[in-house]
Every structure is written in structure tokens, then in C-alpha cells.
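Next come two complexes, and both contain subunit A; in the first it sits with subunit B, in the second with subunit C.
And then the complex of A and B:
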């Protein structure tokens, strides 16, 4: 990808993260006010509530979508900060490879976590 | 960061605070970067914690029990506040980047109107919305503390 597509994807994933992470934050941290998707007693982060959300396919799909979009957005943001410091070209290539490999690895770990609930 | 002629950045990270002119946008830029880095590091830990706690109720409660102390609650609130700022400032940046908050070209008739006439109210609106969200979130954190 060239730099312009990287940047365009940064904006697209930014808007995706805005919507999905916005929902995530409202569900997890405004549960006392809103109480969305937390049918069981206790906090939104309690196991019973986490379990009831995670077994919905809709949540699994949006978790994976949010995971990918947020990883891209965050890692590209950090890459921009690092590249601004004018690293030598070899270091730039190293950063690119490390971030892609690391990002894909974290994506696999997180996707596995989103699917793990279905084994129970 | 589009393709452009590269100049060496001799100020380095100090350029975040030291380069160019100082205004409210410089401050927002600085906080946007700090909050972005903070959220990214929380997020990477969050992926591991939520994945490895997801295999059973016992695992989840064991791992989550490790984050009960007040220091983690304060840290969690800081991540929430960072999210609120980064989100609303991000909306502002996208609106300006895509040209919505720039305004159309027009004849320079006195009193001149500039894009600042649009961008300053936008900035104020976004910061007020971020503060409202942070206050709503702090209610939840205070409730948990009792």
C-alpha cells in the first residue's frame, strides 16, 4: 500500500472504531446509567454479563471487526509518530514488518478469544 | 502522511511541544498523541487479558480479581477519559480533513470570515461533548468505588 491508502484507511478505521468502541464504552462504563446488554445482576464486566453478550454472533462479529479496525488504527498512528522522527529507511522497513506481523498476531489472538466462548 | 518531500525532523519528539506556533490546536495535537499511545498500550494488554480469561468463569474471575485495586480503577478511568477526548477530537480532525469545517471560498469582503470562525466553535462543541461523556463515565466509576 502507498502512504495515501494507509492514511485513507486510518480515517476509515477511525470512524469504525468511533462507532464500535463508542458502543463498547457505553456498554461497559455507562452500565450504571444505561444498563445496555447487561441482563444479569452486577457489573457489565461480570462473567454472567460477559458470557451473555459473547455468545451472540452479532457481538462476535463486531468484536472481530473492532479488533481489526482498532489494531490498524492504533498501529498506524504509532507508525506515524515513529516515522516523523525520520528513521533510516532500513529501520522504516523493520517497523513496517514488525507492525504488520505483530498486528496480525494480535488479531489472531483476539479472534481466538472471541470464538473461545462457543466451546463452552 | 501522504507521499511528500522528506525533511529531517531535527526537533524530534520535542517538536510536539516546541515546533511552530502555540495555540489551542497545538495543545489538542499533543493530548491526541499522548492519549492515542496510552489507549494503544491498554488495548494490547486488553486483548491478552480478555482472551485468556474467556475460557471459563473461574479464569475470568481470577484474572479480573487481579485488577480490583484502586490504582487499576484510576488507570481504567484515565483510559476512559483518554478515549472520550481522542474520540471527539478525532471527529473534529476528520471533519476538518474532509473539508466540512473549512468553508467555501468567497470574496474577501470586510469583515473577513475565515475557517477559524467555523473551527473554533467546532472545537468548543467537541470539548464540551468530551467533558459530558467523561462526567457520565466518572459517575459510573464513583458508583463502583462505593
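And then the complex of A and C:
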């Protein structure tokens, strides 16, 4: 990927994080007022409510989407900070490879966790 | 005559000095300059060199704000010395240093080689597919006033380097292209006579190109010609992203009109009459 494509996806994932994290804030922290997606008695973070949302296909997809968007957005931001310190080209390549491998690994682990609950 | 215009002020110039051939580190020199209203920082430097210390070094040329040679840090702000009146800044003391983010050749003279190398890297000239015609033009290239307006302000750049000195990304990333080269890349990419966007994007769309700009906008803050390089950089980012998403309108470089046959083209007004006898 060249830098234009990296940056374009940084913007796209930033917007996704804004929307999905915004939803998360409304569902989890305004549960007393809105009560969205919390069918069971009690708080939004109660086991029954968390389990109920995790079994919902739409929610599972948004979890995976938020995970991917947050990972990409955060890791690209960290890469930008490191690149502005003018590392040598070999170190730049090492950073790129490490962040891609690490990011994909974390995405797989997180997606597995989300699907594991969904399939229960 | 207005007595205020006759008044003379004694202003202290604190100037950052450095001669790499003799000095181990920069140091400060103080000079007292007799200043009258209307006197510029540049004129003060001349007074010092003529009457107090002829080793003081700085660049200057036009003394009227069009060549960009005399850029320097004046009381914490980057400005052209010829364009800055002393009493507009202070009536007691001036602190003068070289443009930051560049190595120093001597005193207030920065080494602008990186600036010009980066400028060359973006190919700051009209690029077209008809290479023979670039060298030996066979006709005029048509451009509307609206098309000119889209890039005209970015042509006012005088390559003074103040924007490069003010840029916080330039301070940390020595490989960053910088406001001036990216602005000039955008200037030529937006010119309807040019067809070089796809070559320039390989330079401007790199990891040390336009995307390293974080929009501090200090470049626009210090530009003495109103170029607004921060605006150009954001427009360059926009064009790079639209091109990546295949949403950029592809434009052909404008076609030629007419030829140098001596025949007048319709609609072009006559030139004004000569004001000097042509004999």
C-alpha cells in the first residue's frame, strides 16, 4: 500500500470509529435513559444483556468492524509518530511489517472471541 | 513637520551569531541602533554592518519584499527584514535569529540547499505529453480566468523559506517535503496547462509528503505574500485521496488555440497605446 491509500483508510476508519464508538457510548453509558439493546433487567453491562447483544448478528458484525477500524486507525497513528522521527529505511520497513503482522494477529484473536460467543 | 517622525529611538539589536569555522556554538551579540519611524529591520542591520561590526552576515537583495532573501526570525516571528518596520515590533529591543530548521552557513544565513532540492523534486514546471511542443511551442494554450483563479494565489510564492522554518513537522522530520514544495506541486497540478499529476503524486504522496502535514498552519501564518500554503497542502491531500478512490476528474491539458501565424485571434482587445514615444 502506498501512503495515499494508508492515509485514506485512516480517514475512513476514523469515521467508522466515531460512529461505532458513539453507538457504544449511547448503548453502554446512557442505558438508564435510552435502554437500547438491553432487554434484560439491570444495567447494560449485566451478563444477560451482554450475552444477548453478543448473540445478535448485527452486533457481532459491528464488534468486528469496530475492532478492525480501531486497530487500523490506532496503529497507523502510531506508525505516523514513529516515521516522523526519521527512522532509516530498513527500520521503516520493519515497523510496517511488524504493525501489519501484529495488527492482523490481534484482529484474528478479537474476531475469534466475538464469533465464539456468537456461536454459543 | 510632525515631531513624532523626527524622533530617534535607541533600539538594542540582539543578534544570534555563529561562524562554524571559528565558533564552537552560537552566541548573542548586542548592538544599539538609532531608529527613526519608518526604518526597517533590514536598514538597522545595514547600519550595524556599516558602523559597528562589518562581519555580521545575512542575505538581502531587493529590499522591497519580492525576492525572499532576507527571511529571518524577528522577536520570535518569522518575517522578511525588509518588510518589517522596527517600531511596529518594538521601541526598545529586537531579537534576531536565522530561519529555524536549516543548518547555518554563518550568522543569519541559512543553508537553503534542502529547500531547493525538495522544490526540484516536485518538478515545478508545466509538464505535457507533447514534449516537442514544450521546447518549441507551436501555439498558445487556452485558459479561462476561472481556471487561473484556482491556482493563482499559489504562484505568488517567492521561495523565501519562512514557511519551512515555521513548520513544526519540518522541525522533527528532516525528510518532510515541506510547505513550499507541496504548494508548488499543487500549483502545477491544478494548472490546466499541466499533465504531470501522476508523476508528481509519486513524490508528494509518499511517507514524507503531504500526509505528514498536521495542519498547524504556521506556514500560512508567516507567509509574507499571502500564498496560504496550508490551504494548498490540504487541497493536495484531497486530490491524492480522490485519485486513489478513482473519483478525481481526469482533465486533459488544455489544447492549443491558434498558432504563431500573425493572424489575430477573435475577442482579444487591442493593447493600450504606448506612453513613450517610439520614435
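The working rule: the second predicted complex is superposed on the first by the 118 of 120 C-alpha atoms of A that agree within 3 Å, B and C clash if a C-alpha of one lies under 4 Å from a C-alpha of the other, contacts with A are read in each partner's own complex, and residues count from 1 in each chain.
Everything below uses one rule, namely that contacts are C-beta pairs under 8 Å (C-beta built on N, C-alpha and C of every residue); 3 or more make two chains touch, one makes a residue touch a chain.
As the structure is a prediction and not an experimental result, all values here were calculated from the model.
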{"item": "First (subunit B), second (subunit C), both or neither touched by A:18", "value": "first"}
{"item": "Subunit C versus subunit B, contacts on subunit A by residue", "value": "B"}
{"item": "Partner chain in contact with A:113 - subunit B first, subunit C second, else both or neither", "value": "first"}
{"item": "Partner chain in contact with A:83 - subunit B first, subunit C second, else both or neither", "value": "both"}
{"item": "First, second, both or neither for A:92, with subunit B first and subunit C second", "value": "second"}
{"item": "First, second, both or neither for A:5, with subunit B first and subunit C second", "value": "second"}
{"item": "First, second, both or neither for A:59, with subunit B first and subunit C second", "value": "neither"}
{"item": "Doubly contacted residues of subunit A, that is, touched by subunit B and again by subunit C", "value": "2-4, 6-7, 11, 80, 83-86"}
{"item": "Partner subunit B, residues of subunit A touching it in the complex", "value": "2-4, 6-7, 11, 14-15, 18, 21-22, 25, 29-33, 43, 45, 47, 50-51, 54, 67, 70-71, 74-75, 77-78, 80-81, 83-86, 106, 109-110, 112-113, 116-117, 119-120"}
{"item": "Residues on subunit B engaged by subunit A in the complex (per definition of touch)", "value": "1-3, 6-9, 12-13, 15, 33, 36-37, 39-40, 43-44, 47-48, 50-52, 54-57, 60-61, 64, 80, 83-84, 87, 90-91, 94, 97-98, 136-137, 139-141, 143-144"}
{"item": "Touching residues (chain side subunit A, partner subunit C) in the complex", "value": "2-8, 11, 80, 83-86, 92"}
{"item": "Subunit A-touching residues of subunit C, taken from the complex the two chains share", "value": "169, 172-176, 201, 205-209, 211-212, 237, 240-241, 243-245"}
